[in-house]
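Both complexes below contain chain A, partnered by chain B and then by chain C.
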Partner chain A sequence: MSAAVRPAPDGPASAQAAWRSALHHLALLRAFSRQGLQVRLAYRSEFWMHLLNTIVKMAAIATVWRVLYHQSPGAFPIGRRQMVTYAILAALSSEVLTWWEGPHFYLGMRIRLGTLVGDLLRPISLPYQLFAIRLGESLALLATITAPALLIGGLVFGLAPPAGGYLAGGAAFAASLCLSFVVLHCLNFLAGTVVILTTSMEGVATAWHGVMTILSGWLVPLWFYPGWLRAVADALPFRTVFFTPLSIYVGFTHGSGVAWALAEQLGWTAVLMVAVAGAWRGVRRRLVIQGG
Partner chain B sequence: MRSLRERISSRQPQRQRIGLRRALRHWWLFVRIGWRSRAIYRADILLWALGIVVINLADLALLGVLLRTFTSLGGWSIWEIVYLYCAFLAALGLQQLFTWRFIFIQDYVQEGTLDPLLLRPSPTLLQIAGSELAYKDLAHIGLGLAGIAVAATRIGLPWTPSRLAWLVVLLTSGAVVLGGITLSLCSLAFWTVRSRVFLSGTEELQELFQHFPAHIFGNWFLRLTSTVLPFAFVNYYPTLILLGRADQAPSPLLAYATPLMALVVAGVALGIWRLGLRRYQSTGS
Partner chain C sequence: MSLIDVQDLTKTFKVRQHSAGTGTGAVLRRLLRPGWELREAVSHVSFTLDEGEIVGYLGPNGAGKSTTIKCLCGILVPTSGSVRVAGLDPFRQRVALAGRLGAVFGQKTTLWWDVPVAETYQLLREIYEVPQPRYQETLALLTETLGLGEFLHLPVRQLSLGQRVRADLGAAFLHRPRLLLLDEPTIGLDVAVKARLRQFVKQMRDLTGVTVLLTTHDLRDIELLCDRLIIIDHGRLLFEGSIEETIARYAPDSTILVELAAPVNGPLSVPGAREVARDDPDGLKLRIRFRRAELPVTEVTAYLMRHYPVRDFRLQEPQVEDILRQLYQQRTSVP
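Showing the complex of A and B:
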């Protein structure tokens, strides 16, 4: 936190204020992220089980696609290696870009215990607090779960390089994943407001899994969907969490389509951030904190 | 006759054995108390059950999308896979409904809340299981049975009395296997204090068995899940029997051994539980 309280260098008053505010935000982000990181790394046995689960999930999905590809290669718009890579990246990214943890669970827990009031007292908006915590947790997951599992997946199943080359294709994929992270956070937060309104965390979380599974394209790529379901998925933001980055990586989206997909993702990010701010303002007014 | 002092100092809880009928009466009493304590959460349970319906319909729809293009997976048609999926749901629902509280064994051990249960003249495990039923899992059972019925009709399996009898036996066996694995893993808390992670470590394995016919993962996988982690007996072997595909198992005998395996798994689980309970020393704080 020292960076935040250190006096800023001399300069025009407004620039100085902006500089200080930026530093302040970064320090807060770091503090909250570190909290998330520590939560993640607290229990070693949980880490091993998580890694095991991730590997099982990855191997299962990759095997299913390998079997299906062997069965009818003509049904796929991409190559065998690309399809297996899609499966592996989907399984692994769904451990970081998860809908089984995050703001909705945090809100649900806090509502149940009645401790949300403590979060509201902090001079920083709750969606942003939760974003920072989630960022720290995600970085920890990326380093401790995704990286080793990716190594194993690469060795066992083989990974295709990003379409469009490591530099351009890789950069587009990375940029898309960053947007996915923000989109998913917003979607989870919106699910969290539903948790607050219904006070049913399990019910909402379970239904939420159904929505994410069928509309995001992480388990089955959207190109296999029948026309009407594809139209529904296309009209909603869920697919930008998984289908957009993954189809960029495997080259299903290519050429100018990549820029278009990223722009669309950016558009959804903006819309959802506004939606989160609006929903939070609305919920905050109606919020009932349980006492005692 | 041992002295009172001896009895108190003995580590092993001394308890009179009670008959089955009395034990069941106790269990029913615990269940009723549990129901009352949950009374204000009834809407919550309903919403949860609704969520369960949504999640599984979405999963099934996705399997439908997949099989629309590929027509079969590992030689199984869509309705055979629906059958497999729903057999898992029904077994899971049955197991969860009656024994979902096993996951709290860790908390009983960690917080020392096992002590009051040990003092009551009723089997400890029965008290834990009966402290609350997982009513939301009625959704799993209902959805599972409905799916099995629909899939059987689509496949054209006639519901002869013997097939119905097999269905009941196999669903119960699947639930017992699942409950046995759960109890075994959760009872490890007596040695490691935290044990929920062992169970959650099998989460993806269970997902796999629910969604896909296990033989597509190879023989080594079937061998592993028929012995050390016997998840193949929850829904895979039962489905083989009911679909008339028992010859597809590594040995047809293995599939038909499902009820026997359920007894073995339950025995091992109770053994681990008893061993742990004998080892139990309260938290002392």
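Showing the complex of A and C:
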């Protein structure tokens, strides 16, 4: 993005400029990560409550699935340990991605108080800037909240290793989760543009909460859905946020299916990035800054 | 070449109609069928700013000042007219322009609320790609002139208003912008902080040649800082010129208040004066109003000394305040 500011030189000079630009973006992401850590650890009590909340949520979801599995093991396409692992990883990745307070939430707050001005003064595109902030906060959460919670979850409930082995399976899961992050960011940003247009966050946030809970697979794996609902979920990008990486991890998606799932996520990522750029371009023209 | 070139700028907002009655019925009706109306916040405004100028952009509350500034930053798109800043179209080239401008909105901070000021400055350094040595140099300068040292390590939420605005000003200047847009920077600040801010702005202009456009309701800001004034109201340009020109145009008269040793009977007259009147029932105080440009003060006072038993007199020069009050109250456009 900053490369676009400078005139594009030719030959080796342009390669050098690209390299410099890449370095700049890395430095930027590092700086935003530090900032994210600062934001997330600003209040000590908030941190401890968040950690406690995460552990309780994880334990509750895992317990529910363990009990359900015990009652009718035949209803599950994967093993008991895998199912509990799905539940734990769903609860924890949901915490890392904090899907309920992404860019739509941020934009909602900024629009309400008229402080979006501050973000728009910076020489970075707004979607990218929010991405960097989000990434910083997510990395901070991964290190401070999820890692300890995962340790506890593993000790108490026991975790299944990634299907397909630690190296290949683990890498596929990690790659898929990274794509999840980008897909979620784009979806959240699109919801944010609706918040900007309607200047009302509550309505959008409520709808958003429902859609994500039903269609992303973080609470209930999609294989339990009736055919028509499954068809709806399959046609939409939401399930690639949680269901895709989690079903890769537990082995529900396996073999060549993994590559397909990743390709599909990649496809959605590309489509949504274009959509975000277009939506933001459209919304910028209608921007109103409230409160003078 | 001018740094800012605004031609015929108009910005209209589509706002929800709130005039369509009150009460539950009206609220429910609006829920189903919201009424919209267009409001012109800025209307056909033109002005230019040269490099290194400090210009006051004045007008009563709601005149369209902040909207203009947001158009200059590229945050809002003009409805019509053209805006060029440093040769760029702010809305289309916002990212490119952002590196060349800094802005402070006195009522809203652009800093991260929960993060120490120093951390945010570090982030800004990365965002604006300021090389480390230059950053250190600028930070040292800012720390000294704005007195940032005492609170750089504190999160913004713990700062007083004066500290916060100083931190915001520092943030706006870290990348050495060519243009500084200040939207009511001194609002709510105490005398000492205001003085410090003014000194800072002047100093940075002299040191770096930065161009400054500021909106304010503080008369001292205007008198001490501004080379030139641009006055708008109802989104329209009322006047543009130096403080002297503004005064000459809107308050061409001066007044002399005279105290007499003994009452004077009969008609009063001072040749060339526009008004001579008794100011109290005893006839011991006189008020003489005259056109400064046509009649020198010395001539008036000399005549008074010769023809009246003058004990004391006082010259009343018009103040920027009087002019603004007059302008804002009349709210009429100048032909």
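We adopt the following convention: the second predicted complex is superposed on the first by the 280 of 292 C-alpha atoms of A that agree within 3 Å, B and C clash if a C-alpha of one lies under 4 Å from a C-alpha of the other, contacts with A are read in each partner's own complex, and residues count from 1 in each chain.
We adopt the following convention: contacts are C-beta pairs under 8 Å (C-beta built on N, C-alpha and C of every residue); 3 or more make two chains touch, one makes a residue touch a chain.
These numbers were taken from a predicted model, which means no experiment stands behind them.
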Quick check on the chain A-based superposition: chain B and chain C, clash or fit? fit
With chain A at the apex, the angle to the CA centres of chain B and chain C, rounded to a multiple of 10 degrees, reads 80
Of the partners chain B and chain C, which touch A:Ala168 in the superposed model: first, second, both, neither? neither
Is A:Thr63 touching anything from chain B or chain C once the two structures are fitted on A? First, second, both or neither. first
So, A:His24: does it touch chain B (first), chain C (second), both, or neither? second
Touching A:Tyr225, do we find chain B (first), chain C (second), both, or neither? first
Of the two partner chains, chain B (first) and chain C (second), which one does A:Ala42 touch, if any: first, second, both, or neither? second
Touch test for A:Leu52: chain B only (first), chain C only (second), both, or neither? first
Shortest CA-CA distance between chain B and chain C [superposed frame, angstrom]: 6
Once the complexes are superposed, what residues of chain A are shared between the chain B interface and the chain C interface? 43
Which of the residues in chain C come into contact with chain A in the complex? 13-15, 61-62, 66, 70, 73-77, 91, 94-96, 98-99, 101-103, 105, 107-112, 114-116, 119-120, 122-123, 125-129, 155
Chain A contacts chain B in the complex at 43, 45-46, 48-49, 52-54, 56-57, 60, 63-64, 67-68, 71-72, 75, 198-200, 202-211, 213-214, 219-220, 224-226, 229
Residue ranges of chain B in contact with chain A within the complex: 43-44, 46-52, 54-59, 61-62, 65-66, 68-70, 72-74, 136, 192, 194, 197-198, 200-201, 203-205, 207-208, 212, 216-217
Residue ranges of chain A touching chain C (in the complex, touch as defined): 1-2, 4-5, 24, 27-28, 30-32, 34-35, 38-39, 42-43, 113-118, 120-125, 284-289, 291-292
